[in-house]
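Each chain gets a letter, A, B, C and D, in the order it is written, and its residues are counted from 1.
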Amino acid sequence: MSNPETVLPEAARIAAELAPTYRDLHKHPELAFQEFRTAGLAARTLMDLGFEVTEGIGQTGVVGVLSNGDGPTVLLRADMDALPVEERTGLDYASTDRATDASGADVPVMHACGHDVHVTALLGAAELLVGCRDDWSGTLIALFQPAEEGGGGAQAMIDDALFEKVPRPDVVLGQHVAPLGAGLIGLHPGPAFAATDAFEITLHGRGGHGSRPELTVDPVVLAAATVMRLQTVVSREIAGTETAVLTVGTLHAGTKNNIIADHAILGVNVRSYDTVTRDRVIESMTRIVHAEAQASGSPREPEIVATESFPVLVNDPDASARTRTAFARVFGDEQVIDPGVVTGSEDVGMLATEAGVPLVYWLLGGAELEAFQAAYATGRLDALPSNHSPLFAPVIEPTLTVGVAALATAALEWLDERALPGV
Amino acid sequence: MSNPETVLPEAARIAAELAPTYRDLHKHPELAFQEFRTAGLAARTLMDLGFEVTEGIGQTGVVGVLSNGDGPTVLLRADMDALPVEERTGLDYASTDRATDASGADVPVMHACGHDVHVTALLGAAELLVGCRDDWSGTLIALFQPAEEGGGGAQAMIDDALFEKVPRPDVVLGQHVAPLGAGLIGLHPGPAFAATDAFEITLHGRGGHGSRPELTVDPVVLAAATVMRLQTVVSREIAGTETAVLTVGTLHAGTKNNIIADHAILGVNVRSYDTVTRDRVIESMTRIVHAEAQASGSPREPEIVATESFPVLVNDPDASARTRTAFARVFGDEQVIDPGVVTGSEDVGMLATEAGVPLVYWLLGGAELEAFQAAYATGRLDALPSNHSPLFAPVIEPTLTVGVAALATAALEWLDERALPGV
Amino acid sequence: MSNPETVLPEAARIAAELAPTYRDLHKHPELAFQEFRTAGLAARTLMDLGFEVTEGIGQTGVVGVLSNGDGPTVLLRADMDALPVEERTGLDYASTDRATDASGADVPVMHACGHDVHVTALLGAAELLVGCRDDWSGTLIALFQPAEEGGGGAQAMIDDALFEKVPRPDVVLGQHVAPLGAGLIGLHPGPAFAATDAFEITLHGRGGHGSRPELTVDPVVLAAATVMRLQTVVSREIAGTETAVLTVGTLHAGTKNNIIADHAILGVNVRSYDTVTRDRVIESMTRIVHAEAQASGSPREPEIVATESFPVLVNDPDASARTRTAFARVFGDEQVIDPGVVTGSEDVGMLATEAGVPLVYWLLGGAELEAFQAAYATGRLDALPSNHSPLFAPVIEPTLTVGVAALATAALEWLDERALPGV
Amino acid sequence: MSNPETVLPEAARIAAELAPTYRDLHKHPELAFQEFRTAGLAARTLMDLGFEVTEGIGQTGVVGVLSNGDGPTVLLRADMDALPVEERTGLDYASTDRATDASGADVPVMHACGHDVHVTALLGAAELLVGCRDDWSGTLIALFQPAEEGGGGAQAMIDDALFEKVPRPDVVLGQHVAPLGAGLIGLHPGPAFAATDAFEITLHGRGGHGSRPELTVDPVVLAAATVMRLQTVVSREIAGTETAVLTVGTLHAGTKNNIIADHAILGVNVRSYDTVTRDRVIESMTRIVHAEAQASGSPREPEIVATESFPVLVNDPDASARTRTAFARVFGDEQVIDPGVVTGSEDVGMLATEAGVPLVYWLLGGAELEAFQAAYATGRLDALPSNHSPLFAPVIEPTLTVGVAALATAALEWLDERALPGV
């Protein structure tokens, strides 16, 4: 069953079975470290399939191990968490759930980054690989990670003695759904996803009555001037040929229009591919934040707290080439593209680094194919809803089928001896 | 007892009694239309003093009427509501209370505008006037209003048939504590408090991943550019010799640093003294908000919703002069100053306008006297915490004594026949 | 002839004679300290009228003295300089002249502030007063000042020993044409024109190629951020009830679009009416300029050079009242209005201060009356071209007639004994 | 003499001879289309060397042709124009010259982009190639182009029938001095220099007096807001992985601090490598400029005039590989680096495109080697003066020697038959 001709039809069968599960996960998204329902579903399914399951690694992480004779150990990873976004897809399985976030605020929740696809596809790949266990030999690890979205879920699992609880793998494999045309797989060897650094910046003003700004230091104006100035980090201080992104994702100040608040809080996200660029961005951001506080006559220095730091994700070149060849056999050569580097970030690389083994991580197309081709042809990819958008909605098929098949194909490349000669 | 020599000592005695009440009110502030505890306290006290009390006018408003023979009808007004500000005064009676605001958010609450002083002083004045009821003749109305802070409390009471439920007065009197030196009274005849207009502005972006701004329309940048541009309304479009204040008191966008949100919300507060200026400010604000949305390539026009509109507060010149003379007799001429117009707003004028009678509304000094004098001498009044600041903390004495005495003095000016010849 | 009934017709006759002179002056404007042609015309005319004339006081200043028996000494003042503005009035006597300014640049020149009206009206008043010299007694001084527009012309004349060369007056009188309706006179006692402070600010960047901003510090961005931030001085740091204006009138940076320059130069103009406000504006401007340079990572501190400082112009209350009465007798009470304070500045007050005598300085209406009334009624005075606009074009009549008559009337108020009883 | 061992010593000898010429050219820079002295020097030297010389092609362009038997035709190109930059290198041969630019302004002039190196090196290469003419066979064209800096010099020569006046070449070769370490050569095959588009943008305000902004539309504020907003084109609208640079190189508004001007003029320079990015930048720039004018209430739409448009410079891959091999033989393999794409632009590609032949264009290191290595190691290349900086000063040696040798080596690669077998 594990020969190239059979993987796709089998994946299609399983994907059809799992479509209701996917819609259910989509309808009931959970924030970072709150993935109780999702983790429970994953654990139950793995147990039913015969995996030995450990729950609660890194709070809500779930790992299943299937020992199937001698041979390599392959780790397939999916992340589970959703985002505080209010869904506007109009889907009949759209989320209307809300949750309390880490700061205690009541927020809407949505699978706006497609982790529901990742969970479903990994469950499907586990089923497919169990179904053809006679064709391969080795150990299969299915890992469901919490809190990929800036929550440090991979680090939390590592800190919770992950590789003492489960075997150390020989390769780490995973995928992320993206606004590529559904059916396509995107694989870029070498540095592929950016490093992320996140900061919470508190700008201090002096509060007072909205009618008497002269007695205050207005933090809304201070925050606005800072945001405008921060645009110049990328536009003026980083070479056009280098890559850096600085996003002020959140800005919150004030409780009432006739009160001038005493502080504003900015949430900043920085992407980069090399240390020199990263350092320059952070150094410039810091300089600007302090200087703008001075321009306002702030009574206190601003506080800049680093809340997150992801390294660059590097796909091992040899393992990537090997995986790409396997994909080409199953999906056809023209379906496997090189999307170049992306500015997104991922902490899956930490699992491979901790294990000291190669990583291969690819993009799974989820966009309606014709819409993608039209957008690509006109250079207006902004016409497609991207990850984190309230409109992000992968088409279920062929996304799920290809997602199941891609994970299974990549795993079999390491686990199926018969595949090896073909490499 | 109502002669000038006795008002002050009697007020001091009552103020000392009421100081614990004041501290209790300060410690337990209530948001607009949620003043249940405060209203209950006011109603009970008025009943105990012999007033006929009506509760629940305009939701939480309370009015007591004391009929004491023939003569004029005088309305004394206090407002009761507090603000969503986190208190930082360090007082031992500081508030740590929180409440759910009208939008459903959990917010801190503080008497940052001194309405607790107003409530306490009116209860004290009621007691003082009851105590000397043999010396005057007429009808006394003590009115405790909800929701002065932009909530439309005066309008709500009027809409709830206020002047069918209680007699129409001959004059409306009231006071507001302010960062003048404690002991001072500030009274400005004519237009004295600004008109207020408040707006909630929703700016629309297009959401997406923080690493891919090119696929989004970033509402944080749009909001920041709008805030900076709105500064030019006052700096460039209003004559230096005219008065207008435009404050963006709140700015909220985004839930997470790595998500670009799809909208930002601004709370804007506008002050003005005449219609031409007011119209120009609103017209310019509207033009800028729409143009900035276009500059960002917003997918939808911004929405500008008027949430509040207070008229200019005008002190009747004759009634003001009469009140000023009475104050000078009790407090000394040099204690009654003309603070000029202030940019604050007040809806107390609506009560007088509805009744078709004169209004006299004055500022009650609440700042530590030496600090006030030092700040005044150096032109740096911004060294004093102003209304709506998390540090706003009137000194209890002589503020309460003067507050009680001022209300009583003004009322007696209309009610005490013996006072009349002296005018 | 100097009785109220005859002043106006006589002024009208003279104004008609002088209209060609006015058009000629308008067509040939001269920049500060370059008023050679204008000064020559003034000197020649005064000599022909019998004045004793001194030329070259303060470079191009001209003063004529007419001694006419015992009595007070009255100084009438006109300023002569034009502005580097390209005229766009479309008048048949519009200027197309150009000149080299103090920095060596070739610039267009225009009488965009109406000093041509002042010169013409003073020549006419001199003629009128000579014509009725039998009716008055005393000394008349006609002073033509250079460089009022920020050039320090009054100070230059004082420094050049003005009051050793001509008698010290008992009163200084003068007028400024303004976009009031023609026929109107505006006189405001007390502080009437703002203080001015001007600054040249040099912001330092680091130059380089337009394609490699990362190797530079871009002074255009620094200048833009500074300009936006400077708007907050008035919008946030000065009370709405105080008056301050901060204008960045000039901004120059760069020589070529593909070169990033190494500096930018801003010309800033500040208006205020009191020292506390003035100091706050300058302090805030200084703070912002330095902080914005830090935000850009400037290699050198910015330089802020004070280029000009005019005091507040204060009209002596008693002398103003006396002058107003005289105007009302000649023009009718309703033609003499109080325009309130204006944010314009004037150095004529320095002449009075130096002499230690009262000043009376009024606005002379120059706008087409119906246009003015329409603009006033709708609160859109910005529909009228204001001083310094390329479209500023006083209507010749009745502006010139009233200008001649007003100067003559005011002078006679001090010089004509017969007028005194009427005061 | 043309064997690899002899090119470098011969180039060194000639470079030493030409150093005074270089210093003289540096001291007397000439603006675009004003390169009369430089062109005269080039023409005379070529004639002395035996070239047939045509002057005045494209106004000031000079082309020399040396026919030396059968064989290929090679065109070596140097550009001659300098920039309106005030030199601050402190060199004893620094320029203090000034000139009148195309707009009539008097400006400083400096060889801030190193075209003086290009001219000198081409003269030296011509001498070297004449000296070894027995070793090669074919036709050598030495072309001295005017107005590379945005002036359209290449287009001007083409429009002036360049390839009717001189033979059509088989290859176009040239070089540009850059802040690489002196001794290094940088050659990038494929798209290597960015496309440039330049614009002059006129923003319209309404002029008036500096003290009455409310009657005006302030073009300085409009320009500042526009500059700040234009930063968001690169920071928010172009993917981090794409390359675009948008520089506002010039901003000019106003003549006097107390006059609000009626317009501001921006000079904008855009760099890009592909049409989709280019179109997006220009579309966004246009949208922002119009929207900001609306935000200010401009009386007229802004004008955006395209003043320049250079295509991407593409090095022919095969010809580049061939040239690189020749360089490696002469200079050593490690001296020839791939600098990647640069954001600078060049119109030399137009000559190759017009001729329909390959182009090879390389960077010539001009920075002091140790300073370069230190800057490179710390990632702070901004420590080195870059092209267009007032401090840009290539070290004369080994820059000139390598510049002469590189041009000669590349030419001989096509012209010297004996070299061919080694390819």
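Criterion: contacts are C-beta pairs under 8 Å (C-beta built on N, C-alpha and C of every residue); 3 or more make two chains touch, one makes a residue touch a chain.
Keep in mind the model is a prediction, meaning the values are calculated, not measured.
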Original post:
So which one's got more C-beta contacts, A-C or A-B?
Top reply: A-B
Original post:
Given the pairs B-D, C-D or B-C, which one repeats the contacts seen at A-D for over half of the pairs?
Top reply: B-C
**OP:** Would you mind checking which chain's C-alpha centre is most distant from the centre of subunit C?
**Re:** A
Subject >> Centroid distance [mean C-alpha coordinates] between subunit B and subunit A, Å >> reply: 49
**OP:** Starting from the mean Cα coordinates of subunit B and subunit D, work out the distance between those two points in Å.
**Re:** 66
**OP:** Round to the nearest whole Å and give the separation of the Cα centres of subunit A and subunit C.
**Re:** 66
Original post:
Which residues of subunit D are in contact with two or more other chains?
Top reply: 194, 211-214, 216, 218, 221, 225, 228, 231-232, 235-236, 239-240, 245, 271, 342-343
**OP:** In the complex, go through subunit B and note every residue touching subunit C.
**Re:** 194, 228, 231-236, 239-241, 243-246, 271, 275-276, 279-280, 340-343, 379
Original post:
Which residues of subunit D touch subunit C in the complex?
Top reply: 83-85, 88, 101, 104, 106-107, 112-113, 149-150, 194, 196, 198-200, 206-216, 218, 220-221, 223-228, 231, 245, 247-262, 264, 267-269, 271, 307-308, 342-345, 381-382, 384-391
Original post:
What part of subunit C is in contact with subunit A in the complex they form?
Top reply: 211-214, 216, 218, 221, 225, 228-229, 232, 235-240, 242, 284, 287-288, 290-292, 294-297
